[in-house]
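What follows is a pair of complexes built around chain A, which joins chain B in one and chain C in the other.
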Partner chain A sequence: MVTKTEENQLNRLESQVDNAGGGAWEYLCLVRKLKLRRSDKVLKHGLSILNNPSKRSALGPEEWTLYEQVAVAAMDCQSLDVAKDCIKVLRKKFPDSKRVGRLEALLLEAKGSWELADKAYSSLLEDNPLDQTIHKRRVAMAKAQGNIPGAIEWLNKYLEIFMADHDAWRELAEIYVSLQMYKQAAFCYEELILSQPTVPLYHLAYADVLYTLGGLENLQTAKKYYTSTIDLTGGKNTRALFGVCLCTSAITQVTKGKSKEEKEGSQVQSLAAKVLEKDYKQRAPDKLPQLTTALKSLTLSS
Partner chain B sequence: MGSSSGDLRYELSQNAYIKLVLHSLNHPTSSVNGVLIGRISPSNDAVLIDDAVPLFHSHLGLLPQLEISLMLIEEYFSAKGLNIVGYFHANERSDDYELGGVAKNIGDHICRYFPQAAILLLDNKKLEALKKSKDRSAVTQVSSVYIGNYNHESL
Partner chain C sequence: MALGFAIGVFGVLILFHAAYSTIQYRGLLKITEEEFSGPPFNVIITLSSLNLLTMMRFLLSNLWFLGSQVVTELSLGLVLCMWAALTVPGKFLSIHPDSEENRIVSLPANVDFMIFNHRGKVFPVEMDLKLKQ
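And then the complex of A and B:
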């Protein structure tokens, strides 16, 4: 996850670089460190450094890392010629490198030559069966070809070996959600919460999935996870606050006619509603009337 | 720009069109969706789509955010005399022309409240061509947005 300071620093550098104020190398390093996907900017600024021989030699050994970064960014922007050139340079410098081999296979993927890329990846995997990036590329290829069940299968196999890869669990959960397989998505989020219980993002996503599944038990659990998100984010997460209100009204709708009394539930809901109203007053006062009506309709249906 | 489907005509205003194109272009690597706002024309033969509200670019299949957004949007626009008249969706992959389960369900839901709702699936290849073309008229030309009238009666 990107911290607030890092985000501010990134935005500052980005605007500086975009306005030709220098600092391109720091920007590229930060993007690389945070593993962000800003391919068009990386391509533009990276190429400006690489095409300028004096700037390029000023980088020293970092020059090759930049070539790699620009190659990947070029492939993401479909500038395959740029990518090919970068990879050629790298291949000349490092003739036996597996890392360059990976880039070449990535280029095949970008061109759309799926079988050739698959062969390349399989041979790379033979030499190094525990290379996480190559496994993940296979999943990506399946997804890109539209073979979502295949992607799920590869991803599950990958996760059997590399159970601690949180990004992979998140990807799997998102694929399941897009296919509306909510139970399986819930399982992925459970794994994530177990391994990283203090990350509010997972609590929030898990609560969302449970709410979507529906049913009294799921709604009650969802409400618990929304409240834990609020707890973890110090009450600032608007989505969780809304989630609490939605859950409470949905629960009371489901339990209408049954003799259960949920006095506690309405307390949390009214608290959440108050926080939301205060937040809207501060940040979007002209939308406050809509919020009040929406909240009223939620509490009325309870 | 309009397109006809059966007896009813749909007119997409430039404002709405630009918003939905910009939203899709802003998130080139994920699927996006949003709602279309408008009303039925006074002569009752056309649906005029005046505005578009982009919704999500991640976790499109999750219910809570959708419910809240639809509530707030409905509230805001009914004060101006407009309703939710449609839904637009752009898929993640550039060659995916199928309206997925999520899009169908949301479209379903919108049709329940507004039976003549239009579901727009964006043509990703044309979106990409839009970026490269320097011709200004291309923005308002029909970039072949596939309009499927998801008629409730046909279910």
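And then the complex of A and C:
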């Protein structure tokens, strides 16, 4: 998870490095730690360090990690010869390494030769059948070829063995949402919330999926998760506030024909509406009239 | 920073002096009378001379048989050590999950599932990017 302080630090380092102010190695370390995808910058600044023999020797044993990082970034930017050169250097240094073998298979994947890459991955898996990254690369390959049901199948098999991998659950949830299989996506998000209950973004995504599914129970659960997001973020998440208002109006619409009981749901909605108005007044005052009309129409339709 | 450190060291020295004088007094008590009013004091002193609770207990037990010298030394050492412990390590980090510096801005991009045939392939490759041997 990228927190605000880390983001500030990253932006500062990025602007420093882009304006040729040095500090490229710290930037690359931070990108590696936060697992971000900044391939063009990593490639440019990584190559500037690697092509400079004095800076390269100053790194010591970290030089090989940098080669690996630059190789992957080069593949992402389609500079396949740079990637090939980096992998050649790594292969010369570590002749029997599975990690370099994985990089070579990754290069085959980037080139587009899917069968060769598949063969390479299967042979790597024969040596160690419990290598998580290779399983995940097979899923990614299926996804890249457009074979989404195949990717889902591989990913389900992977998750049967490694149930604690929350990145894989998140990937599966996103694939299901892209295919509009919302019930399964809700299951994946439930797993994510179970393993990491303090990340408000998962609560928000789960509430979104439930709201999309519709139906009275789902709407009520969605409202609960929107409120838990508001709780976790201290009321600063605009999307959750809107979600609460929309859920309440949708619930009252669904229960319009049935017996009307006075619930305290309206309290949450009016509080959320008040917070939204205050927020808009502070940050985007010219949009405030639109907001008030929208909120009024929500409460009127309920 | 250096001042806090120095005050911390001074507080520890005061505590050790208080402990030493208590040991001496207990030795004196052992000579004059055979009474053990608690577990071996040496052990407590050496193992936890900076432990807060032990210090409190020390203070209270000292109050009624050693008089004011060790009591004042102990309380002074307590105050100085606590102040140094709070000041020397530096800035305290916030623990609220929704504070401005702790809030989660974005989830990490799933790098394990990264695919390479995206639309970025059609961008022209910069020709001067090469790895020199």
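Keep this in mind: the second predicted complex is superposed on the first by the 300 of 302 C-alpha atoms of A that agree within 3 Å, B and C clash if a C-alpha of one lies under 4 Å from a C-alpha of the other, contacts with A are read in each partner's own complex, and residues count from 1 in each chain.
Just so it is clear, contacts are C-beta pairs under 8 Å (C-beta built on N, C-alpha and C of every residue); 3 or more make two chains touch, one makes a residue touch a chain.
For clarity, every value in this text was computed on a predicted model and none was experimentally measured.
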- Query: For A:R37, is the partner it touches chain B (first), chain C (second), both, or none of the two (neither)?
  - Reply: both
- Message: With both complexes overlaid on chain A, does A:Q290 touch chain B (first), chain C (second), both or neither?
- Response: first
- Which of chain B and chain C A:L179 touches, first, second, both or neither: first
- Message: Comparing chain B against chain C, which has contacts with more of the residues in chain A?
- Response: C
- Message: Going by the contact rule set out at the top, does A:Y211 touch chain B (first), chain C (second), both, or neither?
- Response: first
- Message: Quick check on the superposed pair: does A:P61 touch chain B, chain C, both, or neither? Answer first, second, both or neither.
- Response: neither
- May I ask you to decide whether A:G243 touches chain B, chain C, both, or neither, giving the answer as first, second, both or neither? first
- Query: Given the touch rule stated above, what does A:A144 touch, chain B (first), chain C (second), both, or neither?
  - Reply: both
- Kindly list the residues of chain A that each of chain B and chain C touches, one partner per complex. 37, 143-144
- Sites on chain C touched by chain A in the complex: 96-98, 100-117, 120-121, 123, 125-126, 129-133
- Note on the structure: Per the touch rule above, chain A residues touching chain B in the complex are 37, 143-144, 146, 174, 177-180, 182, 205, 207-209, 211-212, 239, 242-243, 246, 287, 289-291, 293-294, 297
- Counting only contacts in the complex, chain A reaches chain C at residues 1-7, 34-37, 43-44, 47, 50-51, 70, 74-79, 81-82, 85-86, 89, 109-110, 112, 133, 136-137, 139-141, 143-144, 167-168, 170-171, 198-201, 232-234, 236
- Query: For the complex, which residues does chain B have touching chain A?
  - Reply: 29, 31, 58-65, 67-68, 71-72, 75-76, 92-93, 95-96, 100-102, 105
